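Across the two complexes that follow, subunit A remains constant while its partner is subunit B and subsequently subunit C.
On to the complex of A and B.
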């Protein structure tokens, strides 16, 4: 069995030597998760604002659906996207299966409910008095909505980070719809950090697998540090 | 707020940069983890890609999944090792132009103390019977892979219906399954290639061998390559699939297979070049003229 220590030292040397396989795998991970985030965040913010601030019939049902969506296993999402994008499926003509785009799609489906849910709870948590005070000061309806969203911004940031965390650490769906493809000389096409860990584990290269895991944790950790700095500054 | 917007925009432009773009032709093949994990395909695909200016995308799954992906029109070509399933694929009209490519063999591996006493047996069916009689643990892939299909047919030959609690399924790929069998002290059936590449990390011994080392012919493990039928899926890259089949079965491709070594051991025996090619490689085995 490999020692954790040798994995750490291997992770370190892979990072320091800018291992080209590692860089390309990290690149795909960041691009796919980042793109999914860029699409999901505005969408989630809109849905959360509607569900949190507007009143309409069916609102509670929709909230329940969002909460359910937060718990759907990624393999199920991957399977559904696979069947939809399959050549013999309804969107087969687009030729999107086995591409990073397919991975972005499945990640969007996966993280949108999560981001929406966290944003929603942030909005609901804003003190009603703030909205009422804005109203008393003569704010329009839109201004009141913006005031509440501004109050909930820390919660929104938490939602974005949670969404990114789920996207980049996700294995099941990206393995299914991306196909885990790598080109000769270790150039990743649809292989992410997580699916690379699956391959290395299957090959019994436990040190390399652990090293990739450490790299993944370092990335998520540094993004979280950045976010908490933003939150503490509180000037925005 | 402005700072956040700037941050988002710069992240966005960062993401747009460095996108892997390949404007040229590509070939998508689905194959089994047992071939992919050895590294043989990397060697073959690099040579093929250079010669034909094509990017080869490999989807490594079990044989069952590989054929299913091809049936749905998601790949151009399959390289698999389960003749009965391949025949069904051919009969259904999804695949055409099958060729034998290479073979290796399955081996029965188990814990060093060999509680069922199967070490050195010449017959794998006898070994399976002894495992069942002694109710020693056996870990099956249970994933509809080529190895799993072969294991099931061997239980049938042995005349044993495997049963709980000694018979278990992992549902994992070949490498993962070996690791789990090693941790459980269980017997399992594996292809020789994956076992050799993992051997140092496993507490398992090769107990019954296949024909690669003069063992039981029931453990023969031939790999076949099949192109997806362009009449069913006109958008698939049939021309390039046929070029790939031609390359695999050419002297150059067969030489790469012949020379391929892992830990100094040879894993595959090329079988495409022959003065008198076996007719059975082209058609389902029960085909009648």
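On to the complex of A and C.
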């Protein structure tokens, strides 16, 4: 087993030398999870706003679905998406299985409930008096809703970071629907940081696996630092 | 004398609860300070919430006769009024954003963007003139003595300062009718006196004020007329000095205390 120190030094040298395999794996991870985020965030915000600020039939059912979805294991999401996209499945004709698009779809399914749930608790946490104060200063209905959402913006940011964190660090579903494919010239097609760690560990390449792990942690850590910095600045 | 607000037989009951307002009649004259006094739970806050259209009355009529309301729509009427609560409710943002809030609500999008651009430009030292909206925010903050506080965060304020910001936010929209629901109840005496002075000045500029207060001294200092609200009914009303010198009902004596009346 390699020491942590040698893994760190190898990670450093891989990053500094702009190792093409590493870069392509990081690229796929960021693109897939970033795209999943771009799709999930507006959808989650809409659902959270509906659940938090409106009353409608089926609200409790939707809420239960969101809560359940927050805890679903990623392999199960992967399995369902796999069955839907496989050749004999209902969406098999689209030919999406083993593509980054399939990975984006499964990550969307995975993170939308999580982002919705965190956004919802942020909305519910906004002082009810804010809405009344908005009314008392001449806000229309829509302006009141927007004011409450704006008050919850730090919680929304936390939700986005949490969603991205879950997306980029999950293994099960991207492995199942992406197929962990690398082109013959050593550039990733559907291999992400997490699935690459699985492969390298299986191959006994512990140093490369650890190096990839360090890159993954650095990405997640810097995002969280950015978020807390924005929150500390307070006014935006 | 014409009235700016006319209330007839106003009733309000909370869903599934007791009736909080049981037939309130009220006439507010333009330019006066009218105080509503009464014990806790008398219905003062409920009355204010019905009058600023946060609650819909279960019965009775409320008529608003503003000079500047563009049409009779609920929103247009509401935008001629503003309210300050007992506890300051500020947005999680800077003092400037808080005071500008009500103005932004009334400004169409191009105007809002223009203000944002001006503020952004000035950050980069572009010599942009202050917009009308910015001038009004400055004036309102000056009014409450917090001119230097624009970039301070609302959370960094003391309670008294926060209430002054809440008052500035209400004054910035230049309401014809200002509701003040026990605005100084939780403040120390110097802060309370400062806020009273701001209210007096706003009133002198023509704002009609409806004030709920526990503080009889404050009512005597500020109000022209007052009404005593007990259990959802107005039991006594009239010019302040008459009301407290020669109360028609035993309620006032009980509420105010014998010694304060003399």
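Quick note on the criterion: the second predicted complex is superposed on the first by the 236 of 236 C-alpha atoms of A that agree within 3 Å, B and C clash if a C-alpha of one lies under 4 Å from a C-alpha of the other, contacts with A are read in each partner's own complex, and residues count from 1 in each chain.
The working rule: a contact is a pair of C-beta atoms (placed from the backbone, for glycine too) under 8 Å apart; a residue touches a chain by one contact, two chains touch by 3 or more.
Since the structure is predicted, the reported quantities are computational estimates derived from the model, not experimental observations.
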(request) Between subunit B and subunit C, pick out the one touching the greater number of residues of subunit A. (result) B
(request) May I ask you to decide whether A:18 touches subunit B, subunit C, both, or neither, giving the answer as first, second, both or neither? (result) neither
(message) List the residues on subunit B that touch subunit A in their complex, please.
(response) 1-4, 8, 11-12, 14-15, 18-20, 22, 28, 33, 37, 42, 45-46, 49, 55-60, 72-74, 173-176, 178-179, 197-198, 201-202, 233, 235-236
(message) Taking the touch rule as given, give the residues of subunit A at its contact with subunit C in the complex, in rising order.
(response) 127, 129-130, 132-140, 143, 147, 150-151, 154, 234-235
(message) Per the contact definition, I'd like the list of subunit A residues that touch subunit B in the complex.
(response) 24, 27-28, 30-31, 34-35, 38, 86-89, 92, 95, 97-98, 100, 179-185, 187-189, 199, 201-204, 206, 230, 236
(message) Going by the contact rule set out above, which residues of subunit C touch subunit A in the complex?
(response) 49, 52-54, 75, 78-79, 81-83, 85, 87, 89, 91-94, 97, 101-102, 105-106, 153, 155, 169-170, 173, 179
